[in-house]
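Some structures are shown below for you to check.
Look at the two complexes coming up: chain A is in both, with chain B in one and chain C in the other.
Coming up: the complex of A and B.
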């Protein structure tokens, strides 16, 4: 790595200043129709993402965790505008995406790295052409984009003279994922969404790529959204963590709070499902029974109530709202919602006069 | 000491179907006692699944060169074929796979598949076999088992399918259970349920188990002993405690150090440089030497011997003694 670390807040493209979130997501909804009746109308919907709100601060790494079907990858795709949301707003540094900020301009600043390093590269383009492709689309000359590609290759730890002319099938999985990261950096984005980007790699290679991501974040002043099912990796790399369950946000907070003091019963169960690393302290009882329910027709009320250990009658009737329990932790659980009727809930606040 | 349930001596497996022969397993010896759980731990391409499949003699005949000996429950597995092999599979040893949706037959109900398995090996009436299938589903804790017997694999959730797969594997009361990444495709909260189920069933039935995994945490939850594989060889064997607390091979040490598990958030990870070797062009010496920070000249020329470093603890590295002193 060369040069000084870049301060994300000293970016000339910065508009709202350090306190304004880089990304503000409000009321994001995506339902997928499934099954058709005889008239061709859909009979069911998968509620993949159902009213998701969160803020992404400048320069932070936000980890998103949850089980399959919780909507974490759909959220990523919605943020990239790879699929259109049914409802909701994405505000990038104060500008509504698709209105004040054109999609073209937005995608320059937001890039994505996918899980499958092979499927996400064009097999008929050499490595340097793959990396130089997007800058050329955005009007950079071929010569300059190739120079940039070579520079990025050395930044991600691949010797440009050896690798630039190769094709994706000639590289190992770890090397291909480095290429995907270099390609994501080619447009000098401010935000990179990493959707299970290290999940397919072997452990020894995964550690190398995680180190690379940390280095690049400093060097380029990046903000990351890091989606993974591997809680150890999320804990390691994230500043804040968002836990999702069946299309809803269960809890958001700092990595320290979520991992050491999880408030939502689901977060706690998810964390204690991690295999023990101590042969003398093996897990004796599974924290949850059964599989996550189908996101088609999710349970009414709190979606987690069918598996929750703190469930009470009210949980199947009332849907909890995401609300702050402290300055930097938000939880969506009736246990914390004043006056919800759950026995552990604080009493209702007096209505303001 | 009684005869081990599984005994593999100097197994080599070479796949000759491609342009260059691929040396997937290069001299693996291991044994598993009755009622013992051994985890084979390694990264992709380390030969762990190939070793496991040799125990059911599953490698395609024309394209595989096998040598060494594989004994299970007193039988010479590599010598079995035809009817004798079919009798052995499922009855003495059976296997559960990573992806139950691919391993189960999509066009038969779960019940029909279990009944077929039972009636292939034992002379029982179909109603008796059905009763046993029902008891098996109860044993693997599938809710409303009567209904699930009539279900097709695609109608079940991932965790339920893996439970059905385990029921099928246990249908004929085998002595040996081989599990190839049984929880890798499952979510975290389901994975731990399946691991606990495997642990309970293993104890209850006194099974000898070989569990293939890339996840140290999975090995810790279930296994008594761990064998760490790299480039088709076992580089270190020991009890779970030895491997976790006192790893002696530089690869095992590197693997444990590079995990994000208890690393300081934001600090750099202690990664192993480089990538695993090409199995079609293995170096003459220790396969890990090119990535090893302790490698000496002697490491590059000859295969290291297995060196005992403790009771039941063996590391295949010529520098273990020096590294401890250092």
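Coming up: the complex of A and C.
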């Protein structure tokens, strides 16, 4: 990669300065109706994403982890507005998406890379046409967008002269995922959502693509949301990590804090499911028992209380709120919520801190 | 790891994969069954176009003295029909109307049905339900009955027969179009196109059409043989082609009384319908596999 890293704050589109988060998500809710009665009214809802709040800082990589079904991918699709949220606001650099900032303009600045590298490329389009499609939608001439496609191909490590005219089925999985990354870059976005973008690749290719992502982040001044179930990969690439459980944020904090000092009992259990590299440090006990509860009827109170090791009576009654345990770590657990009634909780604070 | 472009003086020519249709043609040409079927279809079309030059006799001039001559009679290589008309000439001329009656309604239904189905499939939701349930009403009738009822209501004649056959074929084509479009609509590349801010029309034009038209087209080709048989049924009931026009279906029906007297001659129009329909079927089959880019 050539040139100095680009500072994301040097982007002429930047408005709020370094202190303003690139993306602020408040109260994001998506419930999917399931099962309809005879009148066509749904009888149940899957609470796929239930009141999710987080901030994404400029130039950082936020990892989102959790078991399957915890709402990671739904969150990604909501952020991309591929599905409409039931409630909640997405604020991009100070502007509410869909109100002050039009969806079309938002999508110019936020792009997404999907997990299935084959399904996310049109089998009937050549590589260059696939990459050049988005700029043409936004009014760039065909010639110029093809030039941009060739330039991006070389930026993602594929020889444009060899690959531009090919079809997706002629490439390997790793090459296709590079194409998908190039396509996401074609609109010169500021934020890229990577939804399990490297999960389908084998380990050596995965490492190459991860390094490519880091290079591109510097070169284009990007911000990433990196969704994965692979904790090692998340630890490698993320600055901050958000742990989700059953559609809610369990814990959010810097990667170092989450991986070394997980506060939420679920984070701890999730991390201990990582196989240890040291055979002496291997765990014989399963960190958690049982499956996640059904998101159609999530348990009352704290959603994790059915599997939690620190469960107390209050956990099934009171729903925990995200509370800061340190300047850069927030946990949604009654153990850390002042005055919650949990035996480990700190005493209630007075109004003034 | 990332290839830098600086200092690359050598400009290699762009390697372009063969175009999509060129690849389809190449794979199709390697399929002997499909090529033979295509050859027969081409011969049939040539036969229809050049009928006046190929036919040895007038297809409508009969003679009561030469009724039901067997195959091989001198001057009547394929015999004579129940009114003493030369079978060979009638079969050659019959290709004109039979092919026309088979291809035209399917073509019209392909245009209307794909439009309707792709629209319903892409838009989804309540509009989809409204369109598809309306289409389902037509499914309640057997296709022969529907064709007869529509032709009867519109009145006899070739044009009305074509219109009624078109209406008969719109529902199945719409169904196929809707189901493939619904599948394609949920693919990640359509999601990615939406995420890039493209509008519905652009997405359908660039990403949907190319991926749905070939399965619909292949299905439509397989309907041509059905259309020919339905058209002959209409002719038999006096709703389509009228005697003495030569048309295979009509010939088959008028000759049915001679099946005990001269079975070979009576079966000949059926043989022509069979050859035509199986050729279209085999060709569409070959087209289907040739259009699969991964093969």
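To be clear about the criterion, the second predicted complex is superposed on the first by the 350 of 353 C-alpha atoms of A that agree within 3 Å, B and C clash if a C-alpha of one lies under 4 Å from a C-alpha of the other, contacts with A are read in each partner's own complex, and residues count from 1 in each chain.
One rule holds for everything that comes next: a residue touches a chain if its C-beta (ideal position, glycine included) is under 8 Å from a C-beta of that chain, and two chains touch if they have at least 3 such contacts.
Remember, predicted model here, so these are calculated numbers, not experimental data.
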| item | value |
| --- | --- |
| First, second, both or neither for A:279, with chain B first and chain C second | first |
| First (chain B), second (chain C), both or neither touched by A:270 | first |
| First (chain B), second (chain C), both or neither touched by A:208 | both |
| Touched partner set for A:231, first chain B, second chain C, both or neither | first |
| Which superposed partner A:67 touches (first chain B, second chain C, both, neither) | first |
| Which of chain B and chain C A:161 touches, first, second, both or neither | second |
| Contacts of A:116 with chain B and chain C, given as first, second, both or neither | second |
| Chain B versus chain C as contact partner of A:289, first or second or both or neither | first |
| Partner chain(s) touched by A:82 [first = chain B, second = chain C, both, neither] | second |
| Contacts on chain A seen with chain B and repeated with chain C across the two complexes | 208, 211 |
| Chain B-facing residues of chain A, complex | 67-68, 172, 174-175, 202-208, 210-211, 214, 229-233, 235-238, 255-256, 269-270, 273-280, 282-292 |
| Chain C contact footprint on chain A (complex, rising order) | 1-2, 80, 82, 103-104, 107-108, 111-112, 114, 116, 119-126, 130, 133-134, 137-138, 151, 154-162, 164-167, 169-170, 180, 183, 186-187, 208, 211-212, 215 |
| List of chain B residues in touch with chain A within their complex | 43-44, 143, 157-160, 187-193, 195-196, 214-218, 220-221, 239-241, 244, 254-255, 258-263, 265-266, 268-273, 275-276 |
| In the complex with chain A, residue positions of chain C that touch it | 1-6, 11-17, 20, 187-189, 191-199, 202, 206-207, 210-211, 293-294 |
